[in-house]
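These are the structures in question, set out in turn.
Both complexes shown next keep chain A, but they swap its partner, so chain B is in the first and chain C is in the second.
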Partner chain A sequence: MNAGAFAAALLDRTAPCPPGLRSWNGSAVAQRFAVYRNNFAVSLVEALADSFPVLRELVGAAFFRTLADAYVRRVPPRSPALAWYGADFPDFVAAFPAASGVPYLADVARLEYVRILAFHAADAAPLPAAALAAALRKPEQLPALRLQLHPSIAVLASPFAVVSLWAAHQGLTAIAAVDPFRPECALVARCGDSVEVTAIPSAAVRFIAALQAGAVLGEAVAQAASPSASFDPAACLGLLIGRQLLAGPAGQQGGSP
Partner chain B sequence: MSQKTTNRPASAAALALALGAALTVAASPVLAADAAKEKCYGVAMKGKNDCKAGAGTSCAGSSMRDHQGNAWAYVPAGTCEKTASPTSPTGFGQLKEFKEKKA
Partner chain C sequence: MSDAAPSGHPGRGAPVSLPAAAGLGLKPEHFREVLATRPALGFFEIHAENYMVPGGPFHHHLERIRADYALSVHGVGLSIGGAGPLDEAHLDRLAALLDRYEPAAFSEHLAWSSHGGVFFNDLLPLPYDAATLARVCGHVEHVQERLGRRMLLENPATYVEFAAAEMSEAEFLAEVVRRTGCGLLLDVNNAYVACTNHGRDVHAYLCALPLAAVGEIHLAGFACEADSLGAPLLIDSHGAPVADAVWSLYDEALALTGPVATLLERDRDLPPFPLLLEEAQRAGVRLAARLPMTAVA
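Take a look at the complex of A and B:
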């Protein structure tokens, strides 16, 4: 039996049982294969439901099952690590005709997936306060200062109220008070063991993205400001420092005692 | 004259002000408050332990017994070792996992 034929039959519910299968106890092979094919799809749909709980609540369990099942058959896992399954599920949702009436679904799904990446991102020792104080004593060097961000940090800019929608589904705010069509930007990062989602201004997204791309502090601040939105570096740096999202220089921090 | 002042990144003085203010913002207790939780072993009821890591990795709600010594729940910082745990050798929740004694 060839693995390609087996895999193809696994993804197509109407395909006949691939030839060459045998059962160890003489039970009906076609029936056993059908059970396996069903479990394969159901377990992956459930994995997506675990990873995208807010999306599931937004569209309802029945619609979600249809959506996820279509995705599983189109994009089966490429890796045995189930945690990362669904990286392009948000794109699939965006292109799913029946979901087009609710345009913010894909960005909410993107936020949920970014949270998973943040959860599994590497640890980093925070930049010690003394290092910041030392930097402040040499202000002439600040524009060329290179800040390392915590590896879990991600930013997401959306034309929809993704942070408020997500928060409403955590019971943090009332869903009735959310206008989904108000643009919002999210900062997603892990603090300790919990992944935090915070609304930030669009200029802060550009600032953090610039730092992630390796820009020095002076350049990043310059890139953050735009004609339509001023940038408040103190607020953004305060947030990053307060959440311990500036990382220490690699290799200089020992493990905690 | 030949000195370029256009397109110049943020000035050193402006950055010093911003970073100084940022350190003040960061030191305020509001931001520290949401971190004031600790992992506490031995206090969660069966199936009520915390932990969530996405599909395939979830161990939340997986504890098999009440007060399981290697299952934890988030509690407000400082309260763990004051929370009674009948399976704990100290009689209270612990910050590290422990071997249960017979409750």
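Take a look at the complex of A and C:
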């Protein structure tokens, strides 16, 4: 069998049926081969629909199918572990001509994709309250404190109201009240077994990104601050602590564990 | 801080085979209900690839369910019939999953699903010729060596045949089992679907399979279409209840194999959990009727 020809004909709907196939009764092999072509595309379109439910609602089921089917053929999976399939689907959406009239679609898709990452991210024990209390007893050492964040955390800054759009599609707010063209930033993280999406200030995005990159607390606060907006590290840290998104153990810069 | 595997489950042995009872495919939609109701089932089966993720709810639930039930791990992405070498990274992920959950059985398909680096997420057909036989046997041996266990190989549902075929599917499977020592996962629905789609006598097909090697049975539902001449073309959809004809064939198979762990597969259009349980129990009743009285717990 020429598996290459079979594979190519699965990907390209216009390719002829691969050679060497037969049917017991002389019925058309092309129609039988089409079952495989269909299984391949439909199963992956369904996988994308499961991963991007809000995008699907925004564009409608029929258009989503067109969009996803085009993506599946252009960017088929490279791994049998499909949980992460669709990493560049948001970029594909952004570049899809028929979707260009709705510029926020790609960022909504980005938010949905980081939710998938958060859902399956590694587990981590929260920072014990005692360790946190001990750190707070030495305020002079706080700037050198290196905090470890929960592996599920992601931040996303968008020129569109991605958090409100997402929330409206969970039935949390009315879609009519959402102005999609208002910039919003999202904190995405797993709390217990559910992934939560929270609107945060843009400075908090820079702060959390700096912590994720390994910056100590003092550096992260400096990177978060901007001339145009004040930054309240206490509020952001309070959010992270309240959701148990600091992972243990915390270490002092240059110190030994 | 740590995503290490659990160090062991007290009271949990490492059974060498699945209990001869009915099992269900474990769906995330049913995690909570399974944990809350602890249904009377012999085992649960997972698709290996769904659990190849670092952490999160899938593992949280599976760990708790595994503590109380035997487990079967069913791979859908190894591409054992693939033209190229097996994906070693995928085998590593499988090995880690099996180490973590210590399933009683691991199975894969007589099919291919990847080519040229692309994963097609479907079980694609193979020509039953000498070259394919040698390649499949080599891959099965490699898998068994890498995973340190015997695997079960599942007979496929197919929609086309190959002009180059040199032997029947049953002969091919018997030869793989003979050469590699692997077991057979007898998918009764696939047998029915494939025999219908290719005008084969399903009873003769069943008898030609290496039934002594059957380590697990699958039951599922199909969708019915027609080929260009109007003959039935059955699609292995996993989206409907098990057909009456497949239940009959299951009875016929059990008479030949004796009681074997039987999975009710349902992956699409999931009904409420109690309905699935009821369907699985139709298999459970048949199995119990064939178990020696002393073996009934």
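Please note the rule applied: the second predicted complex is superposed on the first by the 241 of 257 C-alpha atoms of A that agree within 3 Å, B and C clash if a C-alpha of one lies under 4 Å from a C-alpha of the other, contacts with A are read in each partner's own complex, and residues count from 1 in each chain.
Criterion: contacts are C-beta pairs under 8 Å (C-beta built on N, C-alpha and C of every residue); 3 or more make two chains touch, one makes a residue touch a chain.
Keep in mind the model is a prediction, meaning the values are calculated, not measured.
Engineer: After the overlay on chain A, what do you see for chain B versus chain C, clash or fit?
Structural biologist: Overlaying the two complexes on chain A (C-alpha atoms) leaves chain C and chain B clashing.
Engineer: Quick one: is A:P151 in contact with chain B, with chain C, with both, or with neither? Answer first, second, both or neither.
Structural biologist: In the superposition, A:P151 contacts chain C only.
Engineer: In the overlaid three-chain picture, which partner chain does A:R243 touch, first (chain B) or second (chain C), both, or neither?
Structural biologist: First partner only.
Engineer: Just to be sure I read the superposition right, which of the two partners does A:L187 touch: chain B = first, chain C = second, or both, or neither?
Structural biologist: A:L187 contacts neither chain B nor chain C.
Engineer: Scan A:L165 for contacts with chain B and chain C and give back first, second, both or neither.
Structural biologist: A:L165: touches no partner chain.
Engineer: Check the residue A:P143 against both partner chains and state whether it touches chain B (first), chain C (second), both, or neither.
Structural biologist: first
Engineer: Is A:L11 in contact with chain B, with chain C, with both, or with neither (first, second, both, neither)?
Structural biologist: Only chain C is touched by A:L11; chain B is not.
Engineer: Is A:R32 contacted by the first partner chain B, the second partner chain C, both or neither?
Structural biologist: The second partner, chain C, only.
Engineer: Should A:G20 be classified as contacting the first partner (chain B), the second (chain C), both, or neither?
Structural biologist: second
Engineer: After superposition on the shared chain, which partner residues are touched by A:A83: those of chain B (first), chain C (second), both, or neither?
Structural biologist: Both chain B and chain C are touched by A:A83.
Engineer: Touching chain B in one complex and chain C in the other: list those residues of chain A.
Structural biologist: 47, 81-83, 119-120, 193.
Engineer: Which bits of chain B are touching chain A when the two form their complex?
Structural biologist: 7-28, 31-32, 34-35, 37, 39, 52-58
Engineer: Mind listing the chain C positions that touch chain A in their complex?
Structural biologist: 1-3, 49-50, 52-60, 76-79, 82-83, 87, 90, 93, 112-122, 124-127, 132, 159-164, 197-200, 227-229, 231, 233, 235
Engineer: Considering only the defined contacts, which chain A positions touch chain C in the complex?
Structural biologist: 1, 3-4, 6-7, 10-11, 20-29, 31-33, 35-36, 39-40, 43-44, 47, 76-83, 119-125, 151-152, 190, 193, 247-249
Engineer: If you look only at chain A, which of its residues touch chain B in the complex?
Structural biologist: 46-48, 50-51, 81-83, 85-86, 116, 119-120, 129, 132-133, 135-136, 139-143, 145, 191-194, 196, 216-219, 221-222, 233-243
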